[in-house]
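One chain, chain A, links the two complexes that follow: it is found with chain B in the first and with chain C in the second.
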Partner chain A sequence: MTATFRVFLVAALGLSVVLPLVALILAAFGLRWFFPALLPEAWTTESWQALSGGRLLGALLESIGLGVIVGVVATLLALPTGRTIARAQGALQHLGAAAAFLPVAVPPIALAAGLQLALLRAGLGGTRSGVLIGHLIPATGYLSLYFFGIFRLLDPEIEASARTLGASRWQVIRRVLAPILARPVREAIALGFLVSWAQVPLTLVLGGGQIRTLATEVVAYVQSGQDRYAATAGLLLAIPAVLALAIARRSADRTGMVPG
Partner chain B sequence: MTGLTLTDFRTELPGAPVIGPISLDVAPGEVVALLGPSGAGKTTLLRGIAGLVPGQGSVRAQGVEVGGRPPEARGIVYLHQTPRLFPHLDVTGNVAFPMRLRGISRAAARHRTGELLERVHLAQLADRSVAGLSGGERQRVALARAMAADPRVLLLDEPFSALDPSLRSELRTTLESLLLEPGGPATLLVTHDFGDAALLGNRLGILIDGRLRQLDRPQAVFESPATIGIAAFLEVANRWTPGEAAVVLGEVPAGAATVAAPAHAVRMARSAAGAGLVERLIPGRERTAALLRVGTVAVLAAVEDERLAPGDRVSLQVDRERLLIFGESGERLEIAGRTGS
Partner chain C sequence: MIRRNAGWLTPVVLAAAPLLGMGWAVWAGGGGADGDFQIATLLARLARPAPWLSLAWSLFAAVSATALATVGAIVVAIQFRGTSFGHRAARTLATIPLPIPPIVVAAAAVLVLSQSGLLARGLAAFGWVSVPADFPALLNTPEGTGLILALAWKELGFLSLLACSIVAQLDPELEATARTLGASAKAARRRILVPLVWRGLMPGVVAAFAFVLGSWELPALLGPSHPQPLAVAVLERARDADPLARGDAWAAVLLLFGAAMTAVAWHEWARCRQ
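Moving on to the complex of A and B:
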């Protein structure tokens, strides 16, 4: 690969991330922005003022609430699951990993279609609980695979070592496993949050239009041609991902491992 | 008997060979070295004693039956072949770990940690992360951490195997100073290195196929292996069938199924009419050995005459006192008039 081509690749990659973001920002603050003008004719913060109340604020709070619960609950479920898969032997381990991979691999819309029937029968159709259950399924599968990887790297003999040094099972958890797993757990909660945060098909189908999140609102604004609102919601939607990247970058700097 | 006492101890791990029954006493301050071929069950035995794999029979530590207890309540510390340090703690945190578990104050633990690190020559690394330590340093941290638990019984699983030779001898010296003292722990040291076993072991046990085949002073085991299997494991240089023995010795001891002789039991003198032909010389760390042919029989002899060269003819004399005679069952036969060990 020539140096020029490498520069081109990096530039293309950078632009493909930056350009849509720039367009989002322009659209979110722009007033009367028509083709082929490069910039909007005027600027406004009208859509942002809507955040002080109403639909957009409701959707934002809904997304944050769902994301936090999904992140925490999926982590609590996935940690022991991933550990069990990692400690299983041979065929059992493959089976466990496949089971965890299934909800990640199945397209959410297919999952939603199947799940909706079950939830309707349980009286949870169009409810927040139903949507929560829907989000938990891919998030738990994804995080189980994540913890499977973590526990495969974590030598089980560390626990044996602590036991013969006098640590009870509980002390092993409190003094050895908890501090070692603190960072993976924080990361898992963030990942679970992001899975829920970006979820559209499951929310739309299972929420039956009753549960509106930031992600589903983007779809609604786009469909109804409210570009500025769509862009505003889209920008808000991008914030956690940008934050996550910044945090990853900072902790990478701290450990001396700078990505890229 | 205080220290460690095993009575008919067995481990039965699914999918692994059964170890035991083994009965064994180790006194406080004593080191019993266990030698055995790989796959003999040495590691499984130690893990069984530590309670990390299920075991049956009696395990007594300082006279107290601990066989039914969980690993943390046995007063027995097991040291892995490759040290398992806690990655979230620094060197001091690792060594202080067992003391903090017992509720010893931070200050007292720190003081004792300093002493222990001093003894394993790592005082300068007290505040370092364990991630950057070398293999030898990691092993010494693990050792200091094990001693910080004040173990009544210490189980060492091949502690030198991952180290290069210069670090081995350094760690061996450190271990000697920590273990072989009155009031020290009763120590079982598993190794496959004859030198480690001989240097550190007050007694030497031979574990083959899950059974303790011989237990004696190292010198006694090396000079008088109890069975032909042990002689083979200890690499006694010459092991002859009765027919071969007849060629080399001119006679076959009564009842012998195998006659064994260490290389230094075979003396050579250059002689044009000698029965032995020097086939080649095999350099060793301390001594060169000569591979001879006597008729069709191969004989290994220690070289004392430095002028010896391949193609020379030599006459042989075998020191009868050092011959090891094994019967049909593989057990060593005592010869009348021979002073046993």
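Moving on to the complex of A and C:
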């Protein structure tokens, strides 16, 4: 019974992964795919050729640019934050963790609607800078919780011992902390990139339709019934995300928090 | 002193951004955006049934999807805790949805679950479906079946990753001791493993629930048009020409902020219990 149940579970899990992937690939390359045909009548790379120029390429570059900046800046902000929260005691630590969790828990659409007025008044409505600020808020929240988890596992005595042995503050950072934190920092940049990469509501509202990323293009393509372009953009969005699975797995093991 | 406290600047700013957003929403919800803020306006907008109906529907979808994903994650973590290839493959398959962006899940769900989607075509190949209308409508329906399934699949990745990590850290002697004391394998799983995994998983379940409740991408593409899911109502009603509908948008924003605050308090409470 248990063995049969396990086989059924593996089959169900496999189908739940394979079906969406196959559907995206068939839609991205298929031409004249009418019901009830399982496969399209012909194949095309027309939507992929759009990557050599035009709207899809622009959206891809926008997504990459925003993701890289968000990943790096959010990591720079979150590292000291996570350390400070981890080193705090009692109620102060809970308050710090709650403050970091708040921008993660607040739905992006509510955050965007709330921030839109403030950014419009600051002259940042519909600008790349406004969208960047919007993306940075949840990304920094996620990464602060991530570094909170990292520093909770890191013995604070390591730093204290190095200082006792005569190391300066800079030497502690360069010789002790940097080697330990090199991998978590790389992982954090990747996670921050992913938070921005998948973001839709903040980009739609704060970008005011002026800033088009790959994720917002998928919305536009699906809503206008352009399945081939939606599937192509969807596959492009999924590839780096799936490649980052291993990174996200390690992060979750450490912190219990990963981007949804 | 300043240097010592500098690390607190970011958490303060992080908490301030959503709080500022909520402040703006209160102000705009009270008519401040039109130049006439009044508490009575805010209360009147919050008393309208539309945002509450949206909240009730979103809560139904979020509870259903989170419950499905939680049960699925616990089953995967307990059934596949070995080191064999099959067990590792099952754990990997369960965690694949984790990094997939929600908008990609929504686009794929349209291609798989719609009445002319891959699932309907597969059934047509067996002769069980002849026209798209023979396949049950799963998307954009008030029952939200397709949306709940897609949300549950997306959350399964996150929750099964956490559940597997919790099971890996459990002392195997606990279950062995229960078996020595006469408990059947099923009873040992139900009475020992499941409660321990559930306790460890609780903060993750709260985080997943908060994500699902406020998610926009999946409800926007797969959810019903009436009642509108809460997150979708924010954007749709904000663009409405009717001032009453625009008021509903701000009420919906405030309800989402309220739900998020509750989730934060719940998450910290669950973390403290661990």
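In this section, the second predicted complex is superposed on the first by the 244 of 260 C-alpha atoms of A that agree within 3 Å, B and C clash if a C-alpha of one lies under 4 Å from a C-alpha of the other, contacts with A are read in each partner's own complex, and residues count from 1 in each chain.
The rule we apply is simple: a contact is a pair of C-beta atoms (placed from the backbone, for glycine too) under 8 Å apart; a residue touches a chain by one contact, two chains touch by 3 or more.
If you're wondering where the values come from, they're calculated on a predicted model, not measured in any experiment.
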item	value
Partners on chain A (chain B, chain C) - clash or fit	fit
Which of chain B and chain C A:176 touches, first, second, both or neither	first
Touched partner set for A:168, first chain B, second chain C, both or neither	first
First (chain B), second (chain C), both or neither touched by A:222	second
Touching partner for A:158 - first (chain B), second (chain C), both, neither	first
Partner, of chain C and chain B, that touches more residues belonging to chain A	C
Spatial angle chain C-chain A-chain B, Cα centroids [nearest 10 degrees]	90
First (chain B), second (chain C), both or neither touched by A:49	neither
Which superposed partner A:13 touches (first chain B, second chain C, both, neither)	second
Per-pair minimum CA distance [chain C against chain B, superposed on A] in Å	16
Footprint overlap on chain A, comparing chain B with chain C	none
Complex contact set, residues of chain B against chain A	50-52, 70-72, 74, 76-78, 80, 84, 86-88, 97-98, 100-102, 145-146, 149
Chain C-facing residues of chain A, complex	2, 5-6, 9-10, 13-14, 16-17, 19-24, 26-27, 35-38, 77-78, 80-81, 83-85, 94, 96-111, 113-118, 137, 140-141, 144, 194, 197-198, 200-201, 204-205, 215, 218-219, 221-223, 227, 230-231, 234-235, 237-238, 241-242, 244-245, 248-249, 252-253, 256-260
Parts of chain A lying in touch with chain B, wherever the complex brings them together	155, 157-158, 160-169, 171, 175-176, 179-180
Touching residues (chain side chain C, partner chain A) in the complex	6-8, 10-12, 14-15, 17-25, 27-28, 33, 75-76, 79-80, 86, 89-90, 93-112, 116-122, 124-125, 129-132, 153-155, 158, 161-162, 165, 203-204, 207-208, 210-211, 213-217, 220-221, 231, 234-235, 238, 249-250, 253, 256-257, 259-261, 263-265, 267-268, 271-272
